[in-house]
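Two complexes, one shared chain (subunit A), two partners (subunit B, subunit C).
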Partner chain A sequence: MNLSQVSASKAAAAVTVRRRQSARLPGRFISGMIAPSMLVILFVVVFPLVYSLYLSFTSYTLLKPVTNWVGLRNYIRLFSDDVFWLAFGNTLLYLFVTINLEYLFGLFLSQLLARTVRGQSILRTLLMIPMMFAPVLVGFQFRWFFNDQVGLVNNLLMQFGLISQTIPWLVERATAMFAVGVADIWMNTPVMTIILLAGTLSLPRELYEAAEVDGASGWQKFIHITYPLLAPFTTIAMTIRSLDVARGFDIVSIMTGGGPAHRTELLWTHVHRTAILDAKFALGSAMSYLTIIVTIGFTLYLFRQLLKARLVE
Partner chain B sequence: MSGSATSSRHSAAYWQRRAASIVIDGLVWGLLILMALPALWIVLTSVRNPIEINATPPVWIPRELTIEGFKPLFGQATTTTGSVPFHLYFRNSTIVAMGSTLLSLALGTMAGYAFSRFQFRGRNFLFLGLMLSRAVPGIALSLPLFLLFARLGLADKLWGLGLVYVAVNVPFTIWLMDGFFRELPRELSEAAEIDGCSHWQAFTQISLPLALPGLAASAIFAFLAAWNEFQLAVVLTRTIASKTAPVGLFDFTGQFTIDWRGMAALSVLMMIPAIIFVLAVQRNLVQGLTLGAVKD
Partner chain C sequence: MNTKTMLTKVLSALAISIVLVTACGGAATPETIIQTQVVKETQVVTVRETQVVEVTVAPEPTQALPTGEGEPLLAGVDKKFDGVTLKAAFIGGGQYEKMYESIPDWEAATGAKVEIVYKGDGFQIDQKLKTDFAAGTADYDVVWDHTSFFSQYVDFLEPLEGYFSPAELADFSPAILDGSTTDGHLWLIPRHADISVIHYRKDLFDDAKNQADFKAAYGYDLKPPETWKEVYDQAEFFTGKLPGMYGTEFAGKEEALTGRFYEILKANGGNYFDENWKPIFNNEIGVATAEFFRDLYKNKLVPADTTSLLWDGVANNFCQGNVAVHNEWFGWYAYFQDPNNCKVAGQFDLVRQPVGLSGSIHSGWAGAHAFSINKTSQNKEAAAALIKFLTSEKVMYEEAKLGFLPVRDSVWKRMIADSASSSNPLDKKRLEIAQTAIANDFFTPPLIAEWIPFSNIFYPTLQAIILGDVEPKEGLDQAAEETFQLMEEAGYYNK
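On to the complex of A and B.
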């Protein structure tokens, strides 16, 4: 037997081994490995969701905890609830604007950081600071910054003579949404930046050198090389971000609580107000179901690209 | 790095590049320091004299430093607030975050390994289901969990909250570990199994040691998520028996006023474990986040 025959028979043996394995999967091992995770998810996520689905068809409230079947009444009431649709629209707008701005800022910062020569590692550590903040803390902090009497933002604007009267940031809809958005962007831009920076640094140098030989400008290099090649990293950044969309609740509920007069109401704050503060548990459950559908749709939309690589035909 | 000969030959281009680099560095430093300011402000607030905190115009650099703000956290009541049982919140947070991190790492690594190695029936369905369970907003979960936990006697219990955090963190751990195990050459564990190792032995002795960076990345995400979590904790905890630090921040809010200094002091202490954790696994964190993007 010569060398090529040996390697050919080895390869054939390997193929049969693999075939035999795929034919007879170690079912008990696989279930044993996955079952614990599934059990926890079933108990903490699936079972409660089924329970709240059931409650959403009853008249359950915290003050009158009886489960009278009312059919679709809660859902019908929901469709004529103006505040719900206001919150619905606000949420979509909020997510669309903040996530896109976070991506743009992240892209901008990552391109700058990739070209930085002085103190890269210190800069990266600085960048991670907002990641260590609890979202509630971000909420409190920015509520204070945007406070109309003692807030830092008004103080600064006054000191530099840009405004003569204090701006009630958290009272008007536009300014309140702006303030909440600033907090959200501050908290979430770093993760985007870190992922896009890692991506930028991993791109092959030769492409840029070739482009430079051809006389490409910095902007051309970005548009024709960096931006398209960053696509997989963009997907990852968006996916990871999409898992945290509901964290916006912490910020909004602390900064404005959805108020004043529902001006900054998001789906999460509205569910909280209805179910906990107004004790209308069943109505809140119906609402939270529609919220789940929105969130999951959002996640699926952002996730689909990444999942393609992980799911097998 | 260009020598004097080249710099004089290409002096215009050289100096232009030099200037651009200085401008970029200055801009990046400026932007990131601006981003870090809120953190610095919290630290400064925690050691300020209360008169300075809400002063107009703002006092940027504290005129005197005081640790008075930290005293209510360590059992000494001050005039503005009563004492805050900080050590209990900290204990609860530590137990819940550490415990749930360890458990979700154990469960998520096992499942992640099975997902990465075997193409069993229903794999895609389970995988997708797990990922979507992570997307369920906390507020939607907290309502039914509140009722169920009250009925099962799990409300206001540390391990009840811990179990919830395990469920919250397991999907992302599976996601990360599935990715890390996919990076390992399959032949390694297959060879071990042909040599007579059981599947479990191939997992614990061959694959797991090689996936340690993945474990580090997963650990930091799970820990930070549990350490900073608020939506579920505020509904599922009631008393100091299980209240965690993010919920404890509310001890500083009155009906009309907020004790900003006390809150800042608690925040500073709250961030210490997060900072230590993040700095320790900074490298693995970036690797874990971008896994799978470079391949193909």
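On to the complex of A and C.
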């Protein structure tokens, strides 16, 4: 290799290095830009997650904050914790019933709103009012509604002569869960309605025009066009609400505190009782992680359904 | 990354963060704090015959001590604490607030400032203290405390015998100070005490027709109840006498229910634990006590929503005239006697708690609201001075006028003297009953850190028994098994 070749080679190498450097610069720049937020996420999200996972394998309590390693003891104990599994079952039942009713009411209201010609924006605003209340306030409001002696519901039923004795709504097994569910449905049906309304308004008009030409009835248009095409929106709404309901705490905590006799105990009221009131933080963390595993499984299932719906579309 | 993978990851992360919100707490490493020494004298006392504890005793006060005569005395105002700001977590709401109106006087006298950084009800403060102590974020100097709760946090509290001399404590009720002491250390300075007492509708009891009907039905005179059996009979008799009227009631959830059960269990001759902390409440006495509660509910002698009711709920029922015989705290007296609040004002009377199956033990669940000092406080002397002020004769006297039972003999003297000139004879009688009850019947829950966790095992089971979900024996056996496990894990059986 002669001198000129060496020089050329060096020049080419230098150009390559400069190119690589210039190519790297944006990467470094990007890394530098996202580093602060990554650090924040690391400390605010990842660290507590990992730390509470670690605690779930210890004997840590709030009043004796010592992290003695106990292995899987807390997880094993959960399998024989009747109240945990009762709360688990209650949560699934609560989730299944409230989500489906919210969906049905939301679907119905969204179709009415979609057909409203005048005052749609006012109606939509009015519909969103329940969403503006803090869940704690909704809990207090419905606790009063369903109060045995001075509650609105019993008073109305007695005024109309439908009952002669007051119903202890927040005590009886069936009515207590019903009352809590009503509060949740009142507050969150608008979420379903808004999502499904957005979906309905985005559907192509041509399909409806073609169906009308073919003489389809309103019901047939709903069943064969609207309902199937809303599937992706349905799945998104159901997923958001499922996660919301699965972590339900505020309303039930205010209305019944999970009682009486664990009749309305949900997972998070039980976790709160265990981790905070009983100070058994490690056991509460184990409950949380077991719940997470189920929640992740449920979320994955819902997203499979979403993808299936898209394929159908 | 395809859409499915991305969505899955995003949703998984979302799910984790949502689900773990309540489970994530800060790391807890209690700080090591160099304690301020204000000790002048050291004593060694023997506790429970096996444990020797060194306690420190505060110097004798330079101020005069209260006698209950002349002008009521203030305390804690003889030293200056210029530049000191004390942080406090206090119980709030209702009649508890009145005391805090006196704090500016202490600030003016000492030069210190008081910042009340948290107010809540007793259960809210309990939760907050537990989480803040564990997380190392309890930066309060003075905290509201209670005889039912303090045993949980003694690792985080400052022993108070080094700040309050025997002379300063001499005016306080010994029974209540005993209930504030564990392992030879004083953890609380009481603010006011309370003990349960039967309230009954005098107008209904004095009614001639009711008296005749009752005697005909039960074979003995209608009179203020002396036994829990009589309470049951009277509850049965008065239920439905007036529209919406129930014979009796009890707070039906949380520690309130555990305590109400406890006092009747004790009156029946039973207890929750034996001397070795083994649960014994599932014996015959426990079953009989549980049956008493179940039968009241099953026979509709108490409101149908009893298991949803706490203190304010049951008090309101009595206040509205819906209950004939009511087990309540003395502290509600002023509220019940206010005709602007209560329909039964002037129509009720009080009687000492009944005896149970034991035939001689009166119920008498009791407790005291109090103040403690946080071990990590940097201003313990100022904190002690503030507590001395808030529990002084003068401030306690003002609070006692609201209906609370005082914990100082000097304030008792003043209250009794005041009641002698009252136009309502019940004002005086109430204090006499309270003195008798405090002297003879006063018992707090077991002073152990496991009291509240135990209560959280016990009360849902008792609710299940009351509601008929489970038979008394079966339910109590189950609760006893869980309680045994709780106590075993806490190390009670390894000693």
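Please note the rule applied: the second predicted complex is superposed on the first by the 260 of 313 C-alpha atoms of A that agree within 3 Å, B and C clash if a C-alpha of one lies under 4 Å from a C-alpha of the other, contacts with A are read in each partner's own complex, and residues count from 1 in each chain.
Simple rule for what comes next: a residue touches a chain if its C-beta (ideal position, glycine included) is under 8 Å from a C-beta of that chain, and two chains touch if they have at least 3 such contacts.
None of the values given here were measured: they were computed from a predicted structure.
In the superposition on chain A, A:52 contacts both subunit B and subunit C.
Of the two partner chains placed around the shared chain by superposition, neither subunit B nor subunit C is touched by A:72. By the touch criterion defined above, A:124 reaches subunit B but does not reach subunit C. By the touch criterion defined above, A:140 reaches subunit B but does not reach subunit C.
Judged by the touch definition given at the top, the superposed model places A:148 against subunit C, while subunit B stays out of reach. Residue contacts after overlaying the shared chain place A:210 against neither subunit B nor subunit C. Once the two structures are overlaid, the count of subunit A residues touched is higher for B than for its counterpart among subunit B and subunit C. Contact with both subunit B and subunit C is seen for A:292 once the two complexes are overlaid on the shared chain. Touch criterion met: A:278 reaches subunit C, while subunit B stays clear of it. Once the two complexes are overlaid on the shared chain, A:259 sits against subunit C while remaining clear of subunit B. Subunit A residues 45, 48-49, 51-52, 149, 243, 246, 249, 268, 271-272, 275-276, 281, 284-285, 288-289, 291-292, 295-296, 299-300, 303, 306-307 lie at the interface with subunit B in one structure and with subunit C in the other. Residues of subunit A that touch subunit B in their complex: 17-18, 21-22, 25-27, 29-30, 33-34, 36-38, 40-41, 43-49, 51-52, 55, 109, 112-113, 115-119, 123-137, 140-142, 144-145, 149-150, 152, 155-156, 158-159, 186, 189-191, 194-195, 198-199, 202, 232-233, 235-236, 240, 242-243, 245-246, 249-250, 268, 271-272, 275-276, 281, 284-285, 288-289, 291-292, 295-296, 298-300, 303, 306-307, 309-312.
In the complex of the two chains, the subunit C residues touching subunit A come out as 4, 7-8, 11-12, 14-30, 127, 130-131, 133-134, 152-153, 155, 244, 252-254, 303-308, 317, 322, 449, 452-453, 456, 460-461, 463-464, 466-467, 469.
Contacts from subunit B toward subunit A in the complex involve residues 21, 24-25, 27-29, 31-33, 35-36, 38-39, 41-42, 53-54, 56-58, 107-108, 110-111, 113-115, 118-120, 123-124, 126-128, 130-141, 143-145, 147-148, 163-164, 166-168, 170-172, 174, 178-179, 190, 194, 199-200, 203, 224, 227-231, 235, 245-246, 249, 258, 260, 263, 267, 270-271, 274-275, 278-279, 282, 285-287, 289-290, 292-294, 296. Against subunit C, the residues of subunit A that register as touching in their complex are 45, 48-49, 51-52, 60, 62-65, 83, 147-149, 166-168, 170-171, 239, 243, 246-247, 249, 256-257, 259-262, 268, 271-273, 275-281, 284-285, 287-289, 291-292, 295-296, 299-300, 303, 306-307.
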